[in-house]
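Two complexes come next, and they have one chain in common, chain A, joined by chain B in the first and chain C in the second.
And then the complex of A and B:
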C-alpha cells in the first residue's frame, strides 16, 4: 500500500517534469507555469490554514512581498536579467516570512472567524501601501531588466524552478502532516481550548505554522515578478489571489495533502485557459462563480474526499460507508 | 487643521457613517445569528444602487420612492440566497465555507452587473443630489442629510423590531445562543432565513445612498466589503451597537486624516486603527469575550 502510493506520487512528478518536453508551445507552457505556481501556493496555504482551521485570506500579502523583493533587489542590486535572478527567489520567501511574524503575532490573537476578517484588513493595508508608497513605484509599478532568453527557451527554466518550489511545498506539507507539530495543528483545528489544556503551546504552534506557510508563497511571488518582468501593486496584491488560493484548497479537499494540488491543477489551468479564450471578463466571472457554487454544494468536503468515498464504496462491500467525512480528512493515507 | 475641516469630518462622520453602519448592521446581524460571513454584502449594495438607477433613469421613479420596490426585492433575493446556498452549509467549517460560497455568489452577480450595466461608472441623480444646504458653516448636498434620516429611521425600526417585538426577542435569543434558543422552541431555521433577508434588504437603502454620493460600478464592491468587514470587526462581530459606533468612527477618522495628512493615506488609516485596537482588544470594541469558541 505504502509502496503503491509512492509510485503514484513519483508518476505524477514524472508527468509534471516531462510536460515542457512534450508540450513546447509557449502558450501552454505559460499556463503550466502559473498552474504549478498556484498549486505550490495552495499546498502551502493548506499547510497552515487547512491543518489548523485558521482560514487566511491575506495570502497575497506574501505573494506581493516576494514579488517586490525580487523587483527591488534586482533593480537596486543591479542584477542583470537572467539566471542569476533565481537566487533572489528564496530571499523573497524569507522576506515574506519576516513579514509574517508580526502579522501573525497580531492576527492570531483572535479566533477563527475574526482571524479571516483581520487577514483581509491586513491585505488592504499592504495593497494601499504598495499603491501609495514611493519606493514601490506607486500605481505604475516596477519594471525589471529584460531577460535575454528567446522563444520556447524562455519558459522552460521558469517552469522547472516553479516545479522545484512545488515539490518543496508538497514535501514540507507532508513532513509537517506526519510530525508532532502537524498533529498539534490538527488538534487546534479540532478543539483549540482542549489542545491548550493538554499542553500544546497553541500560540507558538500557530505562529510557526503561519510563518512557515509564507515562505513558499513569497518565493512564488518572486518568481512571478521575474517571469513577467513587470509588476503592478494591484496585480501582486490581488484580493482575487487571496480567495483563489483558499478556493483551490476547498475545491480539492481542505486539510488534505492531495486536495490543494488537485484543486490548483483544475482551477488554475481552467482559469488561465478561459481568460485566454474568452476575452469577455464578465462571462468568465459568471462561469467561474457558478462552477464553484456547484462544487461546494454537491461535494462540500472537496473532490479528493468525494472521489475516495465513491471509490471505496465501489471497491468494498460498502461496510465502511458510514465513516464520517471529517474522519477521512484526518486520515494519514491522503 | 482649520475648524471647518474638523466640523466637516464630524458632520460627515455622523451622516455618512450612519449609512455605513446600516449596511454593516445587516452583515453583523447575519454573522451573529448564523455564524455566516456574507462576502456578497458589498456587491448586493451595488445591486441595490443599480436597481435604484434603473428605476430612476428608465422609469422616472424618485430614488426614495423606488426604495419601496428595491427593499422588498432585495429581501427576497436574500431569502433565495439563504434557502438555496447558505442553509445547505453544515459542519465545523461552515463559517469558512460561507465566505467562499458568498464570494462565488458575488462573482456571479458582479459578472451579471458588468454585462447589464457595463463597467463605466455611474452615479444616481436627483435634485437633492446636486443641491447643497449650509450646516455649521459648511455646505453639503441634501442627499447626505436625507440619507442620514433614512439610515436613522431604518436603524431605529430595526432596533424597535429587535427589542420590542416577539420576533425580535427570538432573533436576540438566537444571537446569544443558538442551541438554547432552539431548546425553548424558537424556530431557529426560520429566524436565520428572515435575518438573512433583513441583512440583505438593508443594502437596498444603503446602496441607493451610496450610489447617490459616489460614482460606482460593480467592482466598487471590493472597497465596500472591505470597509464593512472592518467595521463589524472593530465594533465586535455580532454587536449591533458596535457596528453603529465603528461606522461613524471610520468615516470621521478618514476625513480627519485626509485633511491633516493626505487623502492618499485616509483609507488606510482605518485599517491601521483596526489592527491597533485588535491587538489590545481582540474581541473588538463591543464584542463579547467568548470563553470557549469551537
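And then the complex of A and C:
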C-alpha cells in the first residue's frame, strides 16, 4: 500500500520532469512553468492555511517581496542576466520569511474572518508601498538585464528550477504533516484553545508555519521576476494571486497533500491556455466562478477527497458494513 | 495536610457581572474534591482562572507551592494541571489516537516538534494504553468527530490522562451521559485516585458527587460558601438556602433527602 503510493508519486515526478523534453514548444513550456510555480505556491499556502485553518489572503506579499528581491539584488548587485541569478531565488525566500515574522506576529493574534481581513489589509499596504516608493521604481516597476538564452531552450532552466521549488514544497508539506508540529497545526485548526490547554505553544507553532509557508512563495516570486525580466507592482502584488492560490487548494482538497497540486494543475494550466487562446483575457474569471460554485455545492471537501470517497466505495462493495467512515480533512495519506 | 491546589480570594467580573467575588478553594493532595453550587455561581469561571484561560482581577492561585496566577494555559498544563470542559472539546477532524498524541508532550519545546515525528513508540503505547483504559482502543483510527457524546467525554478524559497530570479538573463529567456510563466514569475516577491522582470535580449530579468526593465545596454568587465532608455539607442550612434562593428545587430535594 505504502509502496504503491510512493510509486504513484514517483510516476508523477517523472511525468513532470519529462514534460519539457517531450514538449519543446515555448508556448506550452511557458504554461508549464506558470503551472508548476502555482502548484508550489498552493502547496505551501496549504501547508499553513490548510493545516491550521488560518485562511490567509495576503500570500501575494511574499510573492511580491521575492520578486522585488530578485530585481533589486540583480540590478544593484550587477549580476549579469543568466544562470547566476538563480542563486538569488533562495534569497527571495529568506526575505519573504523575514517579512513574514512581524506580519504573522500581528495578524495571528486574531482568528477566522478577522485574520482574513487583516491579511488582506497588509497586502494592500505592500502593494501601495511598492507603487509609491522610489527604490521599487514606482508604477513603472523594474527591468532586469536581458538573459542571452536563445530560442526554445530559454524556458527549460526556468522550468526545472520551478519544479525543484515544487518538489521542495511538497516534501516540506509532507514532512510537516508527519511531524509533531503538523499535528499541532491540525489541533489548532480543530480547537485552538483546547490545544493551548494541552500544552501546545500555539503562538510559536502558528508563526513557524506561517513563516515556512512564506519561504516557498518568496522563492516562487523571485523566479517569476527573473523569468519575465520585468516586474510591475500591480502584477507581483496581485490580489488575484491570493484568491487563485486559495481556490486551487479548496478545489483540490483543503488540508490535503495532493489537493493543491490537483487544483493548481487544473486551474493554472486552463487559465494560461484560455488567456492565450481567447482575446478576452478575463474569460477564465467567469469560468473559475462557475467552477467554484460547483465545488462548493457538490464537493466542498475538494476533488481529491471526493474521488477517494467514490473510489473506496466502489472497491469495497463486498463489505460496506465494516466500511469505516472516511477521515476527511487531514487524513493520513493524501 | 498539604494543599496541592489552592485559590485564594479570586475575583473576576465580566462587564457588570461579578462572576467571582473573593472565592477561595483548597484541594488536598490525593483527594477527590467536589465543587457544587447553583447555576451561575462561578464554578466554571473558577476552573478557567485556575487553568489560565481567564485572568483574575484579584487573588492568587498556587499549585504545589508555586504561584501560577495568570499563567498561560499551556504553562499550567505543563506543570501538571489537566482539565476537561463542560461542553466536551476534542479535535474532531483528526483521528482518536492523534487526539491522544496532541497531549503527550507536556513540557516539550515547540522547536522539538519540528524535527520529530508525530509519535514515538512509547508515546503511542501510552496513548493506546489510556484509550484501552476508557474502552476506546478499538476506535483509535477513526476520526474523533465520529464518536458519540459519551465517547467524546471518555476521549477527553483519556487525553488529559496521557500527559500524566498530578491534578485533574473535571467540568461536569456526568453531564448528559447515561447512568451506566456515569457509574463507569465514577469507577475510573476512583481507580485513578487510588493510584495517586488528585481530582477537582464540578458536577450537578448530587448522588455522583456525594458518593465520590472526600470534600465538597459549595459555591454561591461567586464565593465559596461552605467546605466540608459530603454529609456535613448536605445538612448545612446555608447550602439549602443557597439552592432555594437559586430556585433549584430538585437539588434541594436531593440534598435534604440524600
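One rule holds for everything that comes next: the second predicted complex is superposed on the first by the 322 of 334 C-alpha atoms of A that agree within 3 Å, B and C clash if a C-alpha of one lies under 4 Å from a C-alpha of the other, contacts with A are read in each partner's own complex, and residues count from 1 in each chain.
As a convention for this text, a contact is a pair of C-beta atoms (placed from the backbone, for glycine too) under 8 Å apart; a residue touches a chain by one contact, two chains touch by 3 or more.
Everything numeric here is computed off the predicted structure, so don't read it as measured data.
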{"item": "Three-chain arrangement built on chain A, chain B and chain C clash or fit", "value": "fit"}
{"item": "Touched partner set for A:85, first chain B, second chain C, both or neither", "value": "neither"}
{"item": "First, second, both or neither for A:193, with chain B first and chain C second", "value": "both"}
{"item": "Partner touching more residues of chain A, whether chain B or chain C", "value": "B"}
{"item": "Partner chain(s) touched by A:213 [first = chain B, second = chain C, both, neither]", "value": "neither"}
{"item": "First (chain B), second (chain C), both or neither touched by A:44", "value": "neither"}
{"item": "Touched partner set for A:201, first chain B, second chain C, both or neither", "value": "second"}
{"item": "Chain B versus chain C as contact partner of A:121, first or second or both or neither", "value": "first"}
{"item": "Contacts of A:181 with chain B and chain C, given as first, second, both or neither", "value": "second"}
{"item": "Touched partner set for A:110, first chain B, second chain C, both or neither", "value": "first"}
{"item": "Partner chain(s) touched by A:52 [first = chain B, second = chain C, both, neither]", "value": "neither"}
{"item": "Lowest inter-chain C-alpha distance for chain C and chain B in the superposed arrangement, angstrom", "value": "9"}
{"item": "Intersection of chain A interface sets (partners chain B, chain C)", "value": "191, 193, 325-326"}
{"item": "Complex contact set, residues of chain A against chain B", "value": "53, 55, 57, 106, 109-114, 116-118, 120-122, 124-125, 128-129, 132, 191-193, 239, 243, 246-247, 250, 254, 281-286, 288-290, 292-293, 296-297, 300, 325-326"}
{"item": "Residues of chain B defined as touching chain A within the complex", "value": "31, 35, 37, 85, 88-93, 95-97, 99-101, 103-108, 110-112, 114-115, 222, 226, 229-230, 232-233, 237, 264-265, 267-268, 271-272, 274-275, 278-279, 282-284, 290, 292-294"}
{"item": "Touching residues (chain side chain C, partner chain A) in the complex", "value": "51-53, 72-74, 76-78, 83, 85, 89-95, 98, 101-103, 105-108, 110, 112-119, 141-143, 146, 159-160, 163"}
{"item": "Residues of chain A touching chain C in the complex", "value": "178-184, 186-187, 189-191, 193-202, 204-205, 208, 324-332"}
